[in-house]
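Heads up: the structure comes next, in structure tokens.
Just so it is clear, A, B and C label the chains in written order, and each chain counts residues from 1 on its own.
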Amino acid sequence: MMAQTQLQTDQAPVLEIRNLIQTFGGLTAVNEFNVKLMPGELSGLIGPNGAGKTTIFNLVSGFYQPSEGQILIDGVPTAGLKPHRVTALGVARTFQNIRLWNDMTVLDNIRVAQHYQLGYGFFHALARSKRYQQREAEIAREAAELLEVFDLQRFAAELPKNLPYGTQRKLEIARALSSHPKLLLLDEPAAGLNSADIQELIRLIRWIHEKFDVTIWMIEHHMDVMMELCTQIKVIDFGQTIAEGNPETVRNHPAVITAYLGDDNI
Amino acid sequence: MLESIIQNIINALQWGSFYALIALGYTLVYGVLTLINFAHGDVFMVGAYIAFFVSTFFLSALALPGWVALALCIPLTMILTAMVGVTLERIAYRPLRKKGAHRLYVVITALMCGLILEHANLAILGASRKAFPPLIEVHVYNIGGVTFTNLKVAVIITAILVFLFLHWVVTKTRVGMAMRAISYDKFAVPLMGIPLDQIIVVTFVLGSGFAGLAGLLFAMSYPVLDPYMGALIGWKAFIAAVVGGIGDIRGAFLGGFLLGAVEIMVVAFFPSTFRDLIAFSVLLMILTWKPTGLFGIAKTTKI
Amino acid sequence: MLRRYSVHLALALTGGTIIYCAYQEYLSLYIMSILMFMGVNIILSTSLNLVNGYMGEFSCGHAGFMCVGAYVSSMLGVWLFAKDKVFGAAVLDPEYALYAFPLIILTGGVAAALAGVLVAVPSYKTRGDYLAIITIAANFIIISTIENIGAIGGSRGFMGMKRLVNSMEDVVELPWMPIWVFVFTIFSIWVIRRYVSSTFGKGVSAISQDEVAAEIMSVNTNKMKTITFMLSSGLAGIAGGLFAYILGYVNPGSFNIMKSTEVLVMVYLGGMGSLSGSVLSAILFTLLLESFRFIIPVINDFAHQFHLISPDYDISQVWRWVLIPLLLIILMQFRPEGIMGNRELGDIFPRLKRFYRFK
């Protein structure tokens, strides 16, 4: 968990998407999307509203089944897998509108995210078997550690709904990390934050990226966040990839400017 | 063969009419408040009893001719039953809603209100069943081996008229527009200057009024009244409303007629004790196939 | 050390006292039966709270599962230990009755748990009020099925269970029914508490609070729903089995939607997602129901005394089902979240936490 991130080019990609197509009725939300994320990468996905960014995240996390194409996590195809199975493969995410379990304590929020790897079942829970006690102790310790490094331990017994908005965002990221992901999907983590919070968020994401051995893929509308953090950015519009490259290239790409500002030539 | 099919269709339509008329009360209230008004079946029962007292009064105390009594009985029953429904809303549901209680506490309150109506009736009027006085002369017609009565036809026509009326109210009038608006967003509606409470009262008036009408027609068709008559039929009508797609007027009617048809069909082929078993199983299968009912729109979860 | 085992001690004392009183016949049969129904109601309300409170579904057909448990354990018991015109002579010697009884009750629970799958599978796709309908329909279907099986008495009911209870008492002269009701009541609370307080069981609360987040954040929602529904209906089946053996007679009419309504009331009266609330409200509700047996004649005398009602009208027991709902409606107006809300006893009286962890 604490290992230093290393970029190893000869490794298999953490996430590989091949020719992904998603249609809703007659609408093509995602068209021929391809991406390869190498371990330790921190890259971004941007595009105007309704471009299909969150749809791609939903597809990766298994919430939708793709109409066509393949998604591979660490080389394992996710077709037909339920979201919790995808999480078990090492994908965790946050949501555009915070989705914490609001009537469970902060600590429990962190703990439940380990649900897929509890290592004990119903009857162990009833019998309070050795395995149960051992695992619960481990989970509790790990959750406490996680809260500690996120500086959330003083909220451990609070309910998330009583926390300030920025802290809720932070908690959601902590919950995602609690499931030991290889790939962390952040869906607009800066939405609704003020500029001071955003500066803190940038530090937080960079710190997570360094401290946890995790590949990060994020959607964000705040360009300064993306410019600061990402090494690679993909731009999509109407489900179509229109540009990709490092932040500088993307920023000056004519197609991107057209997509965001409209076409002057009409 | 053909006669028996037509005969069964007529029976199904008439039987389904009652379900449809009650189901619409469920669906209206649900559409506006997302409240399962479990007292509704008992409001129907109260409607039948109100019709009994009103018509007995007109027939014996005033000695009016049957058709005059019926003409007076229809609006009076509807108004009085509507008042019962609105009273429940005012004294039981609304205060709870204003306190911000969980939705299901209102549902439980509705269940309790239903129990009160049933047992208060039993306690006050006693366990003996009431025989409903004949208001109109029932003519039996026989066309090509298919028998039907003027009452049966009247029931079916009434149900269809009520459907058309309510469909018009919901889709074309300002009140209906407000009702639909509330079902989309209860919080934004008062901000738009729509009087929420009044619209809710109108909803209860419509729902309970037509339950009263159903009670009157039911009492005329099956002239024996007992305090528990509303319970089972109410549960079934609610299920019919859900199978149609609760919150949708068309769904309530279709669901009502569908349930009627299934039950008549079962009775035609099986012993009548199988009626509930098979009817509920069919409904369960429909819901498994279309979880939000025939007209219900699947809510998409947005993330 | 004493503090750690104080709850166990308190339970053992309570149980011991009740059973000793029953043994010495200090308590009348009437009071014993009320205590036993209290136990049955506690099992019913806590088990329904698992689905309606912790998982946030709205199941209205709990009595259906109770019915399955009642019939399966009754039939099994009669087949094994009693002479019956359908099942023939007793299969086992009556001296095994004592050992077989808990197994018979548990078998009823297992059967009811399997019936719970009937509701669990639709719940994968459906939530909320649509699922409520499915549970109501399931209740009707179960009742209706039994009514149509003539061999086990149909709507007339099924009996012969007293034989087994008597056999138990022949083996060892103890009040066995109160003992088993007590044991199974504690067992149910114990099972539910261990389930919901484990990280595993907290997945259930996660489903209730945000199902999408639960599924995406690694909770196998379908599996959790199946387990929860099966556990809930299984415990209801145990309650049903006990109910059948307490009465010595069952008929499908005792498990209709009215019974389900009673259980619903207990759950919401106690508070959604509060185990101690469910226990408290089951006790209160049982007492309330019985106390009206005595209150109504008093009201009647009072009304006649002061000529409030006509002399030839008596306020009968029918009024019970007018006054109790009325009382409950008023109660809910004052406490729209139930007696306990979603808190446990330990949240209200923090000193109790020294003796027992409630969550």
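Observations on the model:
Throughout what follows, a contact is a pair of C-beta atoms (placed from the backbone, for glycine too) under 8 Å apart; a residue touches a chain by one contact, two chains touch by 3 or more.
Bear in mind the structure is a predicted one, so any value in this text is a computation, not a measurement.
A summary of chain positions shows that the Cα centroid lying nearest the centre of all protein Cα atoms is that of chain C.
Relative to chain B, the most remote chain by averaged C-alpha coordinates is A. Chain B and chain C have Cα centroids lying 33 Å from one another. For this pair, chain A with chain B, the centres built from the Cα atoms lie 50 Å apart.
With centres set at the average Cα position, the gap from chain A to chain C is 44 Å. In chain C, the residues that touch at least two other chains are 212. Contacts with at least two other chains are made by residues 303 of chain B. Shared interface positions of chain A, i.e. residues touching 2 or more other chains, are given as 63, 95, 99. Chain A makes touch with chain C in their complex at residues 61-63, 82-84, 87-88, 92-93, 95, 99-104, 108, 111-118, 120-122, 124-126, 128, 132, 136, 139, 175-176, 179.
Chain contact summary for the complex, chain C toward chain A: residues 191, 194-195, 198-203, 205-206, 209-210, 212-222, 227, 231, 342.
By the touch criterion given at the top, residues 30, 34, 36, 92, 95-96, 99-102, 104-105, 107-109, 111-113, 115-116, 118-120, 122-123, 231, 235, 238-239, 242, 246, 273-274, 276-277, 280-281, 283-284, 287-288, 291-293, 296, 301, 303 of chain B touch chain C in their complex. Residues 52, 58, 122, 125-126, 129-130, 132-134, 136-138, 140-141, 144-145, 147-148, 212, 257, 261, 264-265, 268, 272, 315-316, 318-322, 325-326, 328-329, 332-333, 336-338 of chain C are the ones that touch chain B when the two sit in their complex.
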